[in-house]
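In the part that follows, the structures are each spelled out as C-alpha cells.
Each of the next two complexes has chain A plus one other chain: chain B in the first, chain C in the second.
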Partner chain A sequence: MEKNNTEALNWVGKRVKRIDGPEKVTGELKYMTDYQFDNMLWGKVLRAKYPHAKIKSINTKKAEQLSGVVTVLTHQDIPGFNGFGIVIPDQPVLCSKVVRCTADAIALVAAETLEIAEQALELIEVDYELLEVISDAEKAMLPTALNLHPDGNIHSHVKIKNGEVDQAFQEADIIVENTYYSPRQMHAFIETEGGWGVMDEEGFITIRCPGQYAYRDRMQIARALAYNPERIRVISSPIGGAFGGKDEITVQIYLALLAMHTNGRPVKIHYSREESVIAGIKRHPFKVYMKTAAKKDGTLLANEVRAVADTGAYASLGGEVIALAIEHSCGPYKIPNVNLEGFCVYTNNGIAGAFRGFGVNQVCMGIETHLDMITEMLCIDPVEIRKKNVYHQGEISSLGHIVKTSVGTYKTLETAENCDLWKNREKYKADVSEPWKKRGVSLATSFHGIGMGVGLPDYGAASIELLPDGKFLVAVGCEEIGGGNGTVYAQVAAEILKCDISQIKVVQGDTSKTIDGGTVTASRSTYTGGRAVAAAAPNMLKLLTETAAEMLEVPASKVEVNPNRIAANGSCLTYQSIFDYLYQKRKQTRVEGHFFLPKEKKEIEGSGGAPHHIYGYLTHVVMVEVDTLTGETDVLRVVSIPDAGKVINPQGLEGQAEGGAVMGIGYTLFEDVLIEEGYHKTRNFTDYIIPTIRETPLIETFPVEEAEHSGPFGAKGIGEVVMIPIIPAIMSAIYDATGARIKHLPATPERVFNALKALKNENIQSAR
Partner chain B sequence: MMRKILFTVNDAPCSITCHPAKTLLDVLREDLDLTASKECCGKGECGSCSVLVNNEVVCSCLILVGQVENQNVITCEGVGLTPHLDHIQESFIEEGATQCGYCTPGIIVSAKAFLNDVDYVPSVDEIKTALGGNLCRCTGYSKIIQAIKTAAEKNLKELGTV
Partner chain C sequence: MIAGGTDAAVRMKEGKWRPEVWINIKGIHELRYISEKDGAIHIGPLTTHTDIIRHTLLQKKADVLVEAAREVGAIQMQNMGTIGGNIGTASPAGDTIPALYVLGAVFELRSITSVRLVPIEEFFIGPGKTILKKKEMITNIIIPPQKANEIGIFQKLGPRKAQSISIVNVAISLLMGKDRKCLGGKIAFGAVAPTIIRAKKCEALLTQQPLTDEIIQNIGKIAWKEVMPITDGRATAAYRRDMASSLLERGLYRLLRRWENDGEK
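The block that comes next holds the complex of A and B.
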C-alpha cells in the first residue's frame, strides 16, 4: 500500500499528555533516592578541607573502630584507575597526593546510620600541607603561575580564523569593543545527587543513580573498579532534574566501591544541598573580550573574540564547552572576517562542566549587545540589522562553512517583529507600575548546535518489543530528564505503528533494558532518540505484517495495518494473538532501530569539533521594569520564538521554552555561586536564589517550524537554546529602560543601581 | 530514647516508634515508605517536602515527629493516588505542569491547601502568593499557574452540579 505523504498525523504534533504524568502528580514514581531497604547502609564522602594542598597522610583507623562503621575506603582501595572525567579523566575518584578544590573526595564511609557515617568522617585524620590557591583564571594562564596539572593550567585552547580580520577593521565604518563577565551558575536541580549500589552473591553490581548516559557511567565505573562492564548494571532514569549537572559522574563510582565492601548490603548516598553545592559541577564563568566591525548600512564585517573560561580544578567537559562557545560566538550571522579564540583554564575554584547552553550563554551576550550598539549608532531597526546579517540555509556562516540543514532565524525575526509585545512596545513601556520605575523592550536571537560536533561518535538506538498483553515496549537509552522525551518516543512509535498511545510503554536509561543510544545532552534526545524509534517502528510493522501473513496464510501484501489491529481477507488479528503465535514458534518479538547522526565531513582545524551539522534557532522578545531607586529588575513579559523544526509535542515544547526563559532570567539577574580563594561562600538556597513562581513573567511561545528532513517527522532539538537569547535581550531591555549597559552578569540590583548612579554622574559632568 | 508516637497520616491512624526528634519528613520517607515528599534543601526554602498538618501547609523537613503527635498529616499520596486523581492532579497532567516531577508532590500539596480555601477562580497574583514557597527548576511555573486555575474551575463546576 502506497503511503500518502499528506496523510494526517494522529500523535505527532499533538498536545499529547505526558505518559509519566499520573505517577508524577501523585508522588508514586520512585526516583533512585526514594528506595529504602531494611538492611541498607548509608554512605558518606570525606571532602578536602582546603582548596589546594598536598596530602601528607591519611589515617582511617579511628573511623574504622567506630561502632556501626562497616567500611572506610581511600585511594588505596581503588582496584582500577583512580580517575574519572567524560573526556580526560583527570579528576581522582579519591585523592592520594594532592587536593585541588574543596569538591575533592578523600575517603568513603559506609555505616549503619547516616549519623554514624557523618561521625566517622570526623574521625578520619588527614595531614595537609597548604599550597598557593589559584583563584583567577587569567592569572592561572601566566607562565609564572603554579601548575595545577602536569601539562599546565591551560586545559584547552581553540581557534577559528576566517577572512582578513585586520583589513576588515581598517575598512569598517563602526567598531564596538567590550569585555563581558558571566557568573558561575548552579544547575539547582531539585533532586540532589544520590542513589544506591549493591553487589550480589555472584559479584554482579547494580547502581541506581540518576545520570545522563547510563552506558558511559558504566564504563567509568568499570574503569575505576577494573571490572567487566557486563557485570555492572546502571539504572539512570528517571532524573529529578539535571540540566547537564548529572552528565558527569556524580556518586556512581563511590556507590560501586562501597558496594564491593558491604557484604551484599545495599549502600545509599544522598547529598545534602550543602554537599551538592560544593561537590557538583557548575556553569563556567567566562571573561569575553569582543570587537565587532560593521559598515554604515549595518552589514557586519568582522568579529574578534577572546574568551577565557574558568573550569575549576578538573576538565570534565570544559574543553568542549569552550569549543562550543567559540563556534557560536558570532551568533547565527554571516560575518566574513573572524578571529576567535578561547581558553579553558584550571583554577582551584570548584569544578565546572556541562550546563544547558554549554558555553553559548556566555558568548551570545557579546555579539547581541554589539548588534544593539551598532543599531543605535546607525539609527537602524534592531530586527532589520539582524535580518540583514543572518545566514540562510545553503549560505556560508561566520565559520566559513556552508550551512546545509534547516535555518529558521529569519522566520523567528519576522514573527518577533509582528508579535504584540514588539509592535505595541511603546504603549506597554509607557504603562509603568510606579513613577520611579522604567520599562524597556528588547529582542535578541541565538542558536545552538544539535548533537555532538565533528570527531565524536553520535548515534541513536532504540528497540521495540511486542509484549504478551499486546502492548509495545519502546526502549531508548536517553534518560527521562524531565523534558518529556519519553512521551515523544511514545508519540513517534504510536504514529508509525498506527496504534493508540496507551498501547506504548517506554523504558529509558537502563543498561539491562535499553541499548546504547548516547547521551541525553546537546539538545539531541528528541532528534536522535526519536529518529531511532522511527527507524525501529517499521521493523516492528514488518514483523507484524509477516507474522499475520503466516498466521492467515495469505501473502504479506494482502495484510493491512489498521489502527490498533491487523487485518487480511476479512479476518482480524489482535497484537496479543500475534505475540502468542510468535511465542509458540519461539520467534523473536523484538526489533531494533539504529541511526547515525549526519555530520560535517571536515572539522575546522583547531576548533575542537566545529561545525555542527544541525542547529536550532530562537529569538526572544522581553519587557523589563527597572526600579530606579533600588536597581531591581523585573522581567514582565517574554515572547519565545523557537525554530526546533517540526514540533512533536507543542505542550512539551512550551514547557521547555517557559522553563528555559525563567532559568535565563535567574542567570541574567541574580544567580551566581560565589567562590572566594577557593572556598564556596554560597551554601544552599538561602543564599543562592533561583527564580520562584513570583518571578514568572507572562511567557508566550510561537514556534516557527523549519522542518529538518533528517529528523523524526522533521524535528530538531530545543533543550538548550531556550535559555540563551533571553540573556542579552534582558541586558538590552535594561538599557532601553534606563540607558545603563550592564556587561557584568548577574545584573543584580547593586550593579544596576551603581550603573544608574554612574550614568547620573556622567550626565551632571557633561551638563557642567 | 525511642518513643511511641501516634498520629494520623492520610486519614489512617499510624503508630511509630522512633526518636521524637526525627523529622516528620524522614519518618514519612523511611518509616512509612511515603516517598512523595522529598528533601531538597533541608532548610524550609524549597517546599519539596510540603505536607498538610491539620490542613496547614508546612515543610516536613522542619517539623519533628513529636510535634505531630495526635495531629492529622496529609501528604501528596493523601491528595490522590492513581487512578483516582484529585482535580489538582488531573489539571497538572492536562496543562503539562510537571516535568522532572521531583518538586511536583510538594506543589500539589500547597496548591490543594490553597484551593481548599477559595471558592472562586483565583487570580495569577493570588496563585503566585500562595505558591511562593515552592521551588521548581524545570517548568518556569507558567503551566503550574494555569493548572491551578483549571483545577479551581473544575472544583467550581463540581460544586455547581451538586
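The block that comes next holds the complex of A and C.
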C-alpha cells in the first residue's frame, strides 16, 4: 500500500462531506430509540431506593396483578450469569442480596404503556436493611472501612517507578507540590440510554441498542441469558452520542430478558434524563497529589504522583481508567525519575467508567500546572520549558520506554508559539471590555494513547462486498458514534478502490452484517477501522482484477483499474458486469481485511497495561476573560493544534477538535454530578450545567501531521486528546488573568470568586 | 390553570402537580395584549416573554422588563412562557418579577364576582405563595411608563450565561438628573430571600451624591446587608450576599455608562 504518496490522493486528506450528513441535519435519520411499533411494550427498571442496603425480600405479586402488566422479572428469572462488566463482571444484572448504589437494578417490568410500567414499579415491594454508606474514596481505603466487595474496597492499585526519585528531589533546585480535585462529569449525550429487544418464533433475539462494541455486548447478553450468542443479533449503530458512556452494557441485557417473556412482542426501554443521571456511568472524580522537581534551567528531574479515583459501586472500566491516568500522569515529557501510584476505589457513589479521555483529563492538570509554576519561578517561556522537556520519536519517555512511533508534540508547540493568539497575546489581553474584567492567555499540551495497551486483545476487521449494482458495501464493526468514522472508511475505500465515494456504502455496528473489529473507544476507530478497510480493499482489487482477467481471457497483469471501471486490451468492464459474472459462477463477492494493532512487547510491571505503542498529541492555546466582580470565566478563543498523524478528513478533524474543546470547557468551568451520601443531588439539565452556544468561543484548528506509518495513510487517533490540554490551559489562563490558581474543578463562578477574595485578603495581610 | 406550561409541565412530569382537571387558558387572545392608555401601560397576563422583548412601547417605556424577559430560560421558554405565569408561579428566582418591582407594577385580580387592584409589593407572600384567592386570576398588569429621563437595567448571574436559573438577579430603575445626578431610583433583588427584596438602604444612597464610579462601588458594598439568601445546590448564602453587591455595582456602572452614551431616551 502506498502510504506516503499524498500527491496522488483523491479522497484521503480532502474535506469530504459526511456521508451521513444530509439525513442527520434534516432529522430524517432515526436513532434506535426513536422507533415505535404498534404492538410494542414498554420496559422499566426498578432501582435501589438506598445507596447501600441488604435486600431482605422482594415481592412482585401486586405488580404482576396490575392490568396491562405483561411480565415482572427479578434475579430469579436470570437463566445465566447474574452479572456484567467489561473486565470484571461484578455488577449484578438484577440485585438479589444487596444494593450498592442507587443505580442498582432490582426488577424489570414490561407493560402495555409507559404509565402502567411506572405504576407497576411502585407496586413492587422491596424490604431493605440499611447499611452504612461509603461516600468518600479515601475513607473507603482505610482498613477499618466496611467492605463493599469481598476483596475489599481497593479495586485496583497501579504503580510505575523509574529512576531514583528521593535523590532527585534532594538535588532539585525547585520543587512544586499540590493536590487537585476533579469533577464527576456526565457524558450528557443527546440520546439517553435505551433501545428495544424482540424474540422471534424460532427463539432468535434481536437487540437494537446504541453501544460501543456490538460483539462484546452480545457476549455479555449471552452470558446472562446462558444463550447461544449466534442466536442473538445486536445492532448498535448509529449512536446519538456516547463518549464512553455506552461502552459498558446499558440496557441490552434488560431488553433481552424482557424479550424472552413477551410472547414475541418488541419491548422498548428508554431512560428519562433523570434516570440516566442516576443509572448512567460517569467520569471518575479524582484526587491527585503531585510533586514535581526541576533544575534551574527548567529541566524536569522528578515527578511523584498519587491518584485516588472514586469508581463508585462496580468495576466497569475503573481499573483501566486509573492505569491510563497513571501512564499519562507525567505528560508527554521525559522525566528521568518518577514514582507514580494510583488507586481505584469502590464507594456507594453511583458507577464510574469510561469517558472520553479515560483518566488523562484528571491528571493532565497537575503536570501542566506544575510546568507553569516552574516557568514562573524561573522566568522562562512556557513554550520553551515544554520544548526542552518533551520526548521525541526514538527517545525514552517518563515511563522508561522508547517511543518508537510518531511524536508531534514539538511541532504542535512550534505552531502554538507562531499562532496569532499566542504571538499577539499582550494586545488581546489588554483589550478588556469593562474595567473589572481581566484576560489571560495560556497554553498546555498533552497526549493520549491509541488502542488498548499491552495485554488486551486489539484488532480491526472490515469486509468489502461487491453489490449487484456495482457499488461496494464497506462493513466495519466500529459504530458511528458521531465523530464521522463512516466517512473515513468510505474515503479510505474509495481511495484504494479508485472509485468515486458515491460508489461506497458503509454499514457499521451490526453483528449480522459486520465482522468483529473491536470497540469504538480508545481513540482507535479511525486508526484501526481505517487500517482494516485499507487491508480489505487490496483484496477487493485483486478479486476485481482476477475476475476481469478471467472474463476477458487476458493475464491479470494486463488488467488496469481505472476510476470506476476495469480495462484491459481496449475493452472495458463495469463493476456490475463483474458482479454478474461472479454471481453466475456462484463465487464469493465479499473480501475481508484484518489488522492487529502493533503493541509494545513488554508491559511495565504493575502498570496495568502501559505503555501504549502509539499516542496522539495536542497543544491548546486559550484566552479567557474573568469577571472579577462575579468570578464568571468566559473562554473567548481556543486554538487546537492536534498531531493526528495524516488527517484523513480535515472537516471531521475540525468537528472533533471543536466538540472536544467545548466538552473540555464544560469540564473545567461548569460540570459536576453532585452526590451526597450516595444520593444524587443533580437531577437533570436544570442543575447539570453544560456549555451552550453562548459559552462556545471561536475555535481554530491547525493540525500538525506527523505521519504514523502503521496507520491508514499515516493516520492516528484524535477522539479523546481533543478535550484534554484545554483543561489545564483554561486553569492557567485564569491564573494569568487574575493571579488566582484554581485546583478544584469545575472552576465555577463561586470558586473563582472565592479564590480572588482569598488572594485579596492575602495581599492585604502581606501589605501590613 | 395552565398557560405557557413551562413550569407546570415540569411539575407534572415530576409527579407533583397532578390535579384532576387542568384549565388551559393559553388560547384566550383577549388576555394577550400590550397597550398604553390613560397614562399607564397594560400588559395582559398571557403575553409571552417574546412578545415583551419585541414590543417597541416596552423597549422605550419599560426597558428593564424587556431586559429581564430576555434573560428568562431558553428561547423556547420565552416563546411559551407568559408573564402572568411567571408572576403566578412566584419563584424567588423569577426573572421578570424584580423588573416589575422597580417599575411599580399593579396587578388586576379578578374572579367572576370581584375585581381588585393589588400593588406588586403586597402580592407575594413566600416562595410559590401569593395572595391570589382560589377563584381569582391575574387579568392585567399595569405599570406606569418610564419617563424620558428614567432608565433601567436587569442583571442576572446564573451558573452559565444562557438557559440558567438565577443565583442572584437585580433590577434597577433610575430617574436621572443632570450629569450623574440621580433624582430617585428603585432596586430590587431576586433569589436572595423568600420573595423579591427592595434594597431601600441602597436606594436612599442613590440620590445623595452624583453617581461617580467610586460612589457606585460604595453603594454596591452595602447591598449584602439588604439580602437574606440561603445556601442551595446553585450557590452558598455567602456567595449570594457577595453577588448582591457585585451585581448592583455592575448594574449601576453599566446603567450610568449607557446614560452617558445615549443621554435622554
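Heads up, the rule we're going with is that the second predicted complex is superposed on the first by the 761 of 768 C-alpha atoms of A that agree within 3 Å, B and C clash if a C-alpha of one lies under 4 Å from a C-alpha of the other, contacts with A are read in each partner's own complex, and residues count from 1 in each chain.
Just so it is clear, a contact is a pair of C-beta atoms (placed from the backbone, for glycine too) under 8 Å apart; a residue touches a chain by one contact, two chains touch by 3 or more.
Owing to the predicted nature of the structure, the values given are computational and were not obtained by experimental measurement.
J.: More residues of chain A in touch with chain C or with chain B?
T.: Of the two chains, more chain A residues are contacted by B.
J.: Of the two partner chains, chain B (first) and chain C (second), which one does A:Ile693 touch, if any: first, second, both, or neither?
T.: A:Ile693 sits against chain B and chain C alike.
J.: After the superposition on A, what does A:Leu674 contact: first (chain B), second (chain C), both or neither?
T.: Second partner only.
J.: Just chain B (first), just chain C (second), both, or neither: which does A:Thr26 touch?
T.: first
J.: Could you tell me if A:Glu750 is touching chain B, chain C, both of them or neither one (first, second, both, neither)?
T.: A:Glu750: touches chain C, not chain B.
J.: Which holds for A:Thr630: it touches chain B only (first), chain C only (second), both, or neither?
T.: second
J.: Looking at A:Pro728 after the superposition, I want to know if it touches chain B, chain C, both of them or none. Which is it: first, second, both, neither?
T.: After superposition on chain A, A:Pro728 lies in contact with neither partner.
J.: Pick out the shared contact residues on chain A: the ones touching chain B in one complex and chain C in the other.
T.: 686, 691-694
J.: What does chain A use to touch chain C in their complex?
T.: Per the touch definition, chain A meets chain C at residues 434, 436, 627, 629-630, 632, 634, 670, 674, 681-682, 686-687, 689, 691-695, 748-750, 753-754, 757.
J.: Chain A touches which residues of chain C in the complex?
T.: Chain C residues touching chain A: 157, 159-165, 167, 233-236, 239, 242-243, 246-247, 249-250, 253-254.
J.: Flag every residue of chain A that touches chain B in the complex, lowest number first.
T.: For this pair, the touching residues of chain A are 15, 17-18, 20-31, 34, 36, 187-192, 238-243, 270, 272-273, 481-484, 651-652, 654-655, 658-663, 684-686, 690-694, 696, 699.
J.: Within their complex, state which residues of chain B touch chain A.
T.: 29-30, 33, 35-43, 45-46, 48, 75-77, 79-83, 85, 89-90, 92-94, 96, 98-105, 108, 127-129, 131-132, 134-145
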